[in-house]
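One structure is given below, encoded as structure tokens.
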């Protein structure tokens, strides 16, 4: 038994003599890189979002909220402001699609993760490997695969023709197609953390629940799900955040008309069309993501305080 | 024989899971299958053929994009892994480090924000600072967003490694550098390796940032593939996709098996 | 000075935050002895060991290693080696590489290293395992390699941090013998840390009992057991009964006291106690029961009995005072003492002891 006050893994670790005495020097490169390539640019985006749109693309410094105003209003011929839901609906669709993606991933991931966790050792590692594998494939290829499957004369429309669907049909260019590709690209991010927390579930806990007269449903609801909540929460964040910023899926699967915030931003900068407006949308997206992350952080902090 | 009550079994999960794996792999198999189709129209099968592979391998634009991607990924991996290693050592092994938590958040920042925001941010930054060199732009941006992917496995490995090994080495007359070279580095190697592999793959895969930053001479592979997709699906594209899928498969298998072996090698 | 001390601990203090881990600790460890630091969790023994190794620095005070102050010498330059509680064998090296590691860092020649590694592995009976990896070993084998690795560079002092705690009981007993033999054969000073009093009594030349960050007593095992200097030591090492007694007369080494059972007896004393109240300690096995009763005698009622084969433990009550006694079951007659009965209890005056608080 080791002594609590001197336990090598305990709180007094800080007191132990370390090999690296120059931690600040070690941290300097990461601060420099992130400061230059990320933190500084984020402030620049904030500045550009209130800049004046340049005559030939780009922008001029200044203070002009028209980038943000444009999200909700359109300037009419006579200069009056007209409410246009066009961009607001893109923002709402983005949040909706990301939420539905997260929900579908969750519904699929929990049973699969539970099933994998119950497999014997070797097969379990293999299955986890198989879940991870597609994630190592290029994202653009994974979306492309769905273009083939759902596209004109693709395997799925062909299959549906057998059941009387019209021939030459395409399943592409709608929210459903975008959703299919999104769930497909992000699902491993949900399965892995959920699996990790289910695997930690102690076998005797489930047996104890049954021993105390709980049936399968009660056990699932009152023991398994509460104990896997941390895994589900981190999986949900891992899926929801990139889903909010999805670019490829709406461009390729939605076909340009069914836009999301990511593809809208891409469009504003890609063509060099309206940087301040694009920056305003980017700021909006970043704020939505931050709100989600802060809400989750506060929730987990409160949970920790309760425990 | 009495019926065995397995309370942990939920009926139907096996079926759902098998369906899940079919869902996960069918799209990739379809791409691979179609790449061997001799017909120019993707969805009309005529006969088995390797000809699209031949034409893919002779495609100069593809090869040039591949070269750009490999160069960027290689440099970004080296930079990101080095920075991540230094940061992990400082954060986990550093003594009395202030701003430990903040530094960790900064290193992981690229994971917290949607990539499109970062892509736009770097685009504006480079246009303001006046960086013209396309390669340099890609390398800086890729190094930044690859760093957390290299950082996380290294950090996990260092954190899971008992300080006793390093203390024992010091006790046996090893200087600080010798401890690092002969004990710390070999013991965190699996983490370092899988971190580097992840960084390489993330860089190779990246579309959003590269598309925003790439210019004439510096088209990366995903950006090139995107331009092909815009034109329409083609059997040659399927062949390219298949080659990339196989490449990723090999890389992933190597990386994950090294990581798994490292895990077995004890704490 | 006839012989130099291996280690001198001079006025060492250490705080962890507001927690005082060590307060002005002073003692010395003699050349070639098997020295044990014994104490409960949190007594500061591991901190002291880690300070000698160089992994911690004292807030105040100094350490002399063969007369030289070592506080400012980094751990990798101290000629002191440690056997870690976890053994900390490098998992990526073979056993031979593990043992060679320290020698390489000291800049030994290859041939000399090879010879020394072979010799050390033979010494711990692990010669056949040179090219195995630590993960292929049992706990006891790892322990031996950790010893070989720490002894190979011939350190001035060998530090052992609870090295037996991870082993099972049987193995632990066998390893005690091996450690003792190894210490005698090598002539290296061993500084051993444990919370297990039996280990300490069995192996040590001298023991330092630590409690609450202070040295409570230093002495040979029998001094510690038979002549504890205070209540902490008497209570921590072995079992004992404490009685409140009235001191009638006292000198430096003895005291005449009245026991709660009425007798006036003259017993050894750890300090010069003042007349008035004091604490008398008497160990359970020094209380003789039934037919074995002799010396100062009284009657007690048997409240509980634990039959343990070779011994029986009894919980007795004398006029409301609970006492514990143990009796060697030399014959089956011991069984005759049953719960509820009244027995004769006796002890020899010299076996009790008045203790400082």
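Labels A, B and C are assigned to the chains in the order they are written; within every chain, residues are numbered from 1.
The definition used in the following text is that a residue touches a chain if its C-beta (ideal position, glycine included) is under 8 Å from a C-beta of that chain, and two chains touch if they have at least 3 such contacts.
In UniProt terms the chains read A = ABC transporter permease; B = Spermidine/putrescine transport system permease protein PotC; C = Spermidine/putrescine import ATP-binding protein PotA.
Computed from a prediction, not measured in an experiment: that's the story for all the values here.
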Legend entry - Chain nearest the overall C-alpha centroid of the shown protein atoms: B
Legend entry - Chain-chain pair with the highest tally of contacting C-beta pairs: A-B
Legend entry - Farthest chain relative to subunit B (centres taken as mean CA coordinates): C
Inset, instruction - Averaged over CA atoms, how far is the centre of subunit B from the centre of subunit C? Could you give it in whole Å? - result: 55
Inset, instruction - Averaged over CA atoms, how far is the centre of subunit A from the centre of subunit B? Could you give it in whole Å? - result: 17
Legend entry - Centre-to-centre distance between subunit C and subunit A (centres being mean Cα positions), rounded to whole Å: 58
Inset, instruction - Would you pick out the residues of subunit C that each touch at least 2 other chains? - result: 54-55, 74-75, 86
Legend entry - Contacts with 2+ other chains: residues of subunit B: 162, 164, 167, 170, 176, 179
Legend entry - Sequence positions of subunit A contacting 2 or more other chains: 8, 16-17
Legend entry - subunit A contact footprint on subunit B (complex, rising order): 7-10, 12-14, 16-17, 20-21, 23-28, 30-31, 34, 42-44, 79, 82-84, 86-87, 89-91, 93-97, 103, 106-107, 109-110, 112-118, 120-125, 127-128, 140-141, 143-144, 147, 162-164, 166-167, 170, 176, 179-180, 184, 201, 204-205, 207-208, 211-212, 221-222, 225-226, 229, 233, 237-238, 241, 244-245, 248-249, 251-252, 256, 260
Legend entry - Touching residues (chain side subunit C, partner subunit B) in the complex: 53-55, 74-77, 80-82, 84, 86, 88, 90-92, 101-102, 105-106, 134-135, 149-150, 153
Inset, instruction - Please give the residue numbers of subunit A that touch subunit B in the complex, ascending. - result: 8-9, 13-14, 16-27, 29-31, 33-42, 44-45, 48, 58, 108, 111-112, 114-116, 118, 125, 127, 129-134, 136-142, 144-149, 151-155, 158, 184, 187, 203, 206-207, 210, 216, 219-220, 241-242, 244-245, 247-248, 252, 261-262, 265-266, 269-270, 275, 278-279, 282, 285-286, 289, 293
Legend entry - For the subunit B and subunit C complex, residues of the former touching the latter: 162, 164-165, 167-176, 178-179, 182-183, 186-187, 265-266
